[in-house]
Amino acid sequence: MGTDGQGREDWMGTRLDDFNDFRGRMNGRILGEDHPAIKRFFGVDTLTYHAGALDERTKEMLGLVSSMVLRCDDCVSYHILQCHRLGVSRAEMFDIFSVALTVGGSIVIPHLRRAVAVSDEVEENARRRSI
Amino acid sequence: MGTDGQGREDWMGTRLDDFNDFRGRMNGRILGEDHPAIKRFFGVDTLTYHAGALDERTKEMLGLVSSMVLRCDDCVSYHILQCHRLGVSRAEMFDIFSVALTVGGSIVIPHLRRAVAVSDEVEENARRRSI
Amino acid sequence: MGTDGQGREDWMGTRLDDFNDFRGRMNGRILGEDHPAIKRFFGVDTLTYHAGALDERTKEMLGLVSSMVLRCDDCVSYHILQCHRLGVSRAEMFDIFSVALTVGGSIVIPHLRRAVAVSDEVEENARRRSI
Amino acid sequence: MGTDGQGREDWMGTRLDDFNDFRGRMNGRILGEDHPAIKRFFGVDTLTYHAGALDERTKEMLGLVSSMVLRCDDCVSYHILQCHRLGVSRAEMFDIFSVALTVGGSIVIPHLRRAVAVSDEVEENARRRSI
Amino acid sequence: MGTDGQGREDWMGTRLDDFNDFRGRMNGRILGEDHPAIKRFFGVDTLTYHAGALDERTKEMLGLVSSMVLRCDDCVSYHILQCHRLGVSRAEMFDIFSVALTVGGSIVIPHLRRAVAVSDEVEENARRRSI
Amino acid sequence: MGTDGQGREDWMGTRLDDFNDFRGRMNGRILGEDHPAIKRFFGVDTLTYHAGALDERTKEMLGLVSSMVLRCDDCVSYHILQCHRLGVSRAEMFDIFSVALTVGGSIVIPHLRRAVAVSDEVEENARRRSI
């Protein structure tokens, strides 16, 4: 929420790097505090996406759709990165977005816009690296 | 929410039939009203779960996890029925529950309890029919 | 949530009376506690729906759609009763439901079903009284 | 959420233009994907606010209050623009904000602040154009 | 949600026993499945309320207010039981309810009514045992 | 939501001043409108955190955990400032964060990151002032 209309071009170019940087730095601060329940929660969070009866790819898709209906832009960005890494195609991504939109309603649309912007950036980055 | 502790055995025995009956009857009342935007919304809802880049089974799993993090018991029941029909196993179901629990937190637990009760009932019904 | 499939016919016949009875009794318990901030909150709640720049009828419609997207069955029942009392027609009610459904998504549908059941009961009660 | 404290004056001056620009551009990207269910959802979204039993103006007010209790800043901005276009006065706007605040609680206040900032900008823009 | 108006007297008399029974039975079903991430989540959930920098009593109060603003009746019932066990007085309970009501808005009121009914039952049970 | 990755260093340095400035200015605009129900809601909001059966410090902790599970960054910042002012230690702060994380799930993590960044800034400011 609320990031719309604040220098999009700029946001498009550097958002993922900044996001990953801030995410890494603050996760370090949080885990550095050594709080037992918080630390173990982070462990559960990691374990949840390990392959089980469902493979890692399907679990990341489940994480993405959950993040989208709960309207958490950072979580959406994170799971788009994971989905892309695990080979989820753009067409599959839009099927996930479609479930989130129908279940969560038009209130999801601003997050959908930002999710598409993130997908575009992820794909653009991948194209650049492959040249 | 709120169904806990209200004659569970009873609820367990007849809930799915009653749920399906009320669901069918009220959907009839709603669509019978012939409201253009509501009618078209129901059309979109159906279309969303048709096979596309992702198959129907994956889409129902996405619908289930979304319903669970948004804590809608009826939606959870509905998608459990669909997942079961499409061959999602009990172990896969628990992987979906696990993502919902981690993403949505302990607030999801009461819905998880009811989801497991529904899964139990669906499996029990299937066993009876196959005798 | 969760009331689906629990003896609907029964629910349909007595729900509004029971709801009003429990509501009245517990509001009495709450206000009887004489907690200053809670008491003043209830005062603000009443004041909010008094005619201002918008009339009472429009404000109750705003209350209804808000309750529906936030998925609170009791709040929806309450505002349906108020809207009906202030002359909101069935067709207008469905327009309100339609906005709630589009904004809030398919997760609203179980609440829409119960809202239509409540509307049916309110209309049926009104018909009986007018005979 | 989260836009507070990031160069407010600046935000005040250009937010609506940037918002409309990003919104238009990304809606183009989304619809350009030609996903059947997403496309039809956008169609339902448009249809929902067409005059029916309730006029367009009342429906936009319903959309505004819904967006506010669901705490979506972009949706709030959009519906404020529509309400202003359809002649909803500042006093009526505050009556809508008041319902959202009472129903949704103090958690709505940061969104109320941004909504008032948007209303101020919309009115300022209108004044400038009318000189 | 949704339990209002469904034989309150009845609900009042047996709800806590039924709730505890269903809760215990289904937790057994869930943990019996031996799903690693779900099991560890339950471990974290328990650990979270152990005394740390804050004592158990304060943590249960935090759990209660969180459950109430997230509007989960079962979670509210559970934390009321814990708070009562740890000596939180009725007056303190209403202070917690008051924060939940102000932060979460009037949408919390139906849950407040049920919370007061649960508190009444817990106190009544305590009185009976002490005779 | 959404503030991640937008010039964090910058955000870290000036966020609290900007937040307080925007907050004060817009609260002035809101109260200056003299809307009776909105004005009284602000009064209730203030009253809620006055010492009663629970002291101010405990109430602010309840406000903080509520804001966090409801994922409102501005509300979280505000209550962190209040908690710090009332002597809540960093270790106690992390106990509050831990309850919010367990109850609200991994969707709370991005808000936890920003909460820790705000706590860091508040502590840094306090250190500077005490030199």
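Per-chain residue numbering starts at 1, and chain names A, B, C, D, E and F are given in the order in which the chains are listed.
Everything that follows uses one rule, which is that a contact is a pair of C-beta atoms (placed from the backbone, for glycine too) under 8 Å apart; a residue touches a chain by one contact, two chains touch by 3 or more.
Keep in mind that what you see is a predicted model, and the values were worked out from it rather than measured.
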What's the overlap between the neighbours of chain A and those of chain D?
-> B, C, E, F
Work out which chains are contact partners of both chain B and chain D.
-> A, C, E, F
Which chain maximises the distance between its CA centroid and that of chain F?
-> B
Shared interface numbers for chain A and chain F above half of all numbers used, same, or below, different?
-> different
Which pair in D-E, A-F or B-D has the same interface as A-D, with over half of the contact pairs matching by residue number?
-> A-F
Using mean CA coordinates as chain centres, what's the chain B-chain C distance in Å?
-> 25
Per the centroid of Cα atoms for each chain, what is the distance between chain C and chain F, given in Å?
-> 33
Which whole number of Å gives the spacing of the CA centres of chain A and chain C?
-> 37
Residue ranges of chain B touching at least 2 other chains are 1-3, 6, 35, 37, 41, 44-45, 48, 52, 66-67, 69-71, 75, 94-95, 98, 101-104, 106-107, 114
What graph shape do the protein chains here make by touch: line, ring, star, complete or other?
-> complete
Name, in rising order, each residue of chain C that touches chain A in their complex.
-> 69, 101-108
Chain E touches which residues of chain C in the complex?
-> 1-4, 6, 11, 14-23, 25-27, 29-30, 33, 35, 37-38, 41, 45, 66-67, 70-75, 77, 114
Which chain E residues qualify as touching chain A in the complex?
-> 35-37, 40-41, 43-44, 47-48, 50, 52
Parts of chain D lying in touch with chain F, wherever the complex brings them together = 1-8, 71, 90, 94-95, 97-98, 101-102, 106-107, 109-110, 112-114, 116-117, 120
Complex contact set, residues of chain E against chain F = 44-45, 48-49, 52-54, 58-59, 61-63, 65-67, 69-70, 75, 89, 91-92, 94-96, 98-100, 102-104
